């Protein structure tokens, strides 16, 4: 059902912290123009954890309107408990999302039985398809391959997004869902060619905001079985991914550094207006943003013509 | 400012998962009658992670109305990012909470600078006092004692609730905030007497829902310097805390077992009507609930007369 | 320097827990006959952590004698501190090992500066080449790619064995050591084809004891650029790796299950006599061993003719 | 059987890294003179993980000879697997140790069944009593209270040393071994008074090398039920423990900082000659050692008269 390059969109902000809808429209158009196969609004890259509900909804509405049905739009429904997720997912459904992307419950540690109950209850309460989102670094818990397979068999989920960075686990998901019609998407920026060679249906790379053309080329090469071309493109993108290390990590955390770099790069390319991130994330310094710009230029990424 | 026994209230539910306001009123009255010194609505024990905003607000409104100013009411404002927390905290402020209790950001890992920015931004945007909530098991990050001290010195926070289970760290918080007028509360059910002997101002025990009289006795003994009596009471309460092990852990996770046991015990004591927990938490079986009832009876806790 | 398939040899035991040298000679011959490119004695698979020094030495002596210079023999020198490792490494050097394989210090957590000092001190005290062994699951600490690169540049190490399971990290090792003549070996049983496609020089698979021919085919296909054949062989080997799940994990730990399965499979193939593992590891039950044998047979692995 | 203050002795070194037996004799005499109730040779504080067997044995022999039966001498037998530990333990037994102190197996993760088998096999193979050593920070695994209780009931162990820092777990050990005649010792420098108030039989504090008189006073006060005096002494010792933060942690790891500080303090007090630590541990700088000396002087600890 879902396949190809599905970037998790950044959420551009204005100086006062509101959604910069004009920039978000430009980003959406930029990605569509590059040939992406889907759009994911409300992932970690979209700062969903930092956005109030009204901003979440405005971002989703903006992207759905701009995409105008050209590609599927997936919406993150990220929250700690089942009923909270259900509320987000229903709003996304009403706004026209083609699927909702949901993690295991977090903040309170639950067991496998509760996670299964979570997804089953959401499935029962929604008309929109459900995508399981495995992101242990954020949730503190890895979705077992056997549970993904069980949910796939019972048609509770239509896809899985694996942001674990663990290709062994991803292989188990691929094996466990084989023949069930479930899309297996990798969230890795740097192992995408390998995930494709193992049978991934698509890629959800945060760096795809900055260089969607690169990921589309990687995907097309991999689909065509041109392993060498896919690997060469991956190597180029992996170097570009070095922008996330531009921030001084004794000053800010990893996420401020990564999301700040994506936005600084999008500003450098002329896609969005401002590099602001949402509280409590801290922005890059001017020097750090300049370092990001230099890496972007080295990678041969030119400013986008309006 | 805040001191004594401040139980984190369970949120009783009806069969269809709504807040059972009548039971919540009874629970509030039961705790006040036992002599507790404050009430904490919207902690982990209150299933805040599982409750939609409307249920969070209804629970808070119910407790504030029942308490009627007899003791301070603290409200949890638990969410992943600063602006989301700010919205919850403002609603709590409008509903009349005496303080809001806030963790470090979670789901996306941030660094110490972002955590400091989080609390400072919240302080700037609120009139109600701020309590820092250190719960590494849920947040995935421990509030450094030095950061607590800095926030205390700058009057960003008025209290800290330490649910880390780490008395060395709590000692550092006590030392770092000494003389600043900041209340240091422990969240430990089983080390409360030791935390008191080290200088804690109060106790926020989930088990305090079930046996508030016991924790009030422990607190009063500790305040009076009667270490032996405090320890004896603690030993009794630690045995009672065994109710959290009644659930079969190959069937459900730790949190379902603990919160299910608190509610089963409150049903056994006649304080609330139903033992239901909120999705995705799973309820105790009848046998498990009976085992909880037996431990409660062994502890000499009698049903509450209406 | 080191390349190809370098199995970490199991250490066959007699009923009274001594090294079964006859079986170890047969295993060595079996591997050489399959065309492996090196032999690694004293890895985790070789139960080095469970073997006293005399048994470590006897196993190494046996393999070196049997190999008789046909392929390089690497020897694990695994211990908690620098001088302890130095003693093991010197004995291995005297016994004729072609390299010693050394982890970061463990049991007491040290920082990056101490780890660098550890390798530099060992290099200074040895004539035999040094291989860095990155196995975070055992050591509790991941060798940073930047440190591996530094040690490679300074010719402290001649190779690195990456058993982290983390291909992103392995990529950084490959990039950081490019052009320095350092061999990069993966310890993964199930991602070997992907590691090869990224530029690994060789594979150190525990499962290579059981099916060395399969790993040699995988390696040769990958070297020849036949990605499809490498992947097909990998898929077959990954299914075979299912033998490690034959043991009941409510009864024994993961390592007892894995090493017990390797030995049961080698017994089933007629290579070694007994499936015993060293204390405190617990053996498979007869039923579990039979399940291993069935998987081995399903994989088309026939008993080895004497 | 074992009770009171049992310091884990530092192992003083000469400039060339050998055991400085004269300094070790002085340290032993200093501790005995302070009234300690036992001596623990070969703990983490004694750098056992860094010492080759010959140095381990020499240190043990030196302390046993100096103690001359005045107090029990416990010997660490720390290694990864059962037979390796057995060899160390037998040597310690032959050298005259009164007990051997043993952790769970480490480096390879094993399950509870293997840990139980480990202790049972050691007990069967030794005449000297066995002390279970719970140090999750080093071993990566916490000894469950239920397993400690089982081993105590079956008379496999005669004591447990709890260096987990987790007083809840220690309480479970105390409860689970009550009435079995097993000594429960805490390894905490800073929570010793609290552990005593819960029923600990003794204290094994690394800082006890530097200020044995302080820990003896704390222990005696606690035994006499004088909680206030014990707490006051503890507060003083906790401030003194600040010496472990003198080292620049961007330069060296935590263990180098802690063990380097203990030795620098012992030099400052005139007990041992040199502050050297064993590779790969790195020494304090002169400035850091001076900072340690200043804290020692502030604490009122005077140089020891010869």
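Letters A, B, C and D mark the chains as written, and numbering starts fresh at 1 in each.
One rule holds in what follows: a residue touches a chain if its C-beta (ideal position, glycine included) is under 8 Å from a C-beta of that chain, and two chains touch if they have at least 3 such contacts.
Note that the structure is predicted; figures quoted are calculated from it, not measured.
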{"item": "Chain whose average C-alpha position is farthest from chain D's own", "value": "A"}
{"item": "Euclidean distance of C-alpha centroids - chain C vs chain D, Å", "value": "35"}
{"item": "Intercentroid distance (Cα basis), chain C paired with chain B, Å", "value": "50"}
{"item": "Contacts with two or more other chains, residues of chain B listed in rising order", "value": "none"}
{"item": "Those chain pairs that satisfy the touch definition", "value": "A-B, A-C, B-D, C-D"}
{"item": "Complex interface listing, chain D residues touching chain B", "value": "165-168, 171, 188, 190-191, 194, 197-198, 227, 231, 238"}
{"item": "Interface residues, chain D side, partner chain C - complex", "value": "17, 44, 47, 49-52, 55, 78, 80-84, 87, 105-111, 113-115, 117-118, 121, 137-140, 249, 251-256, 278-282"}
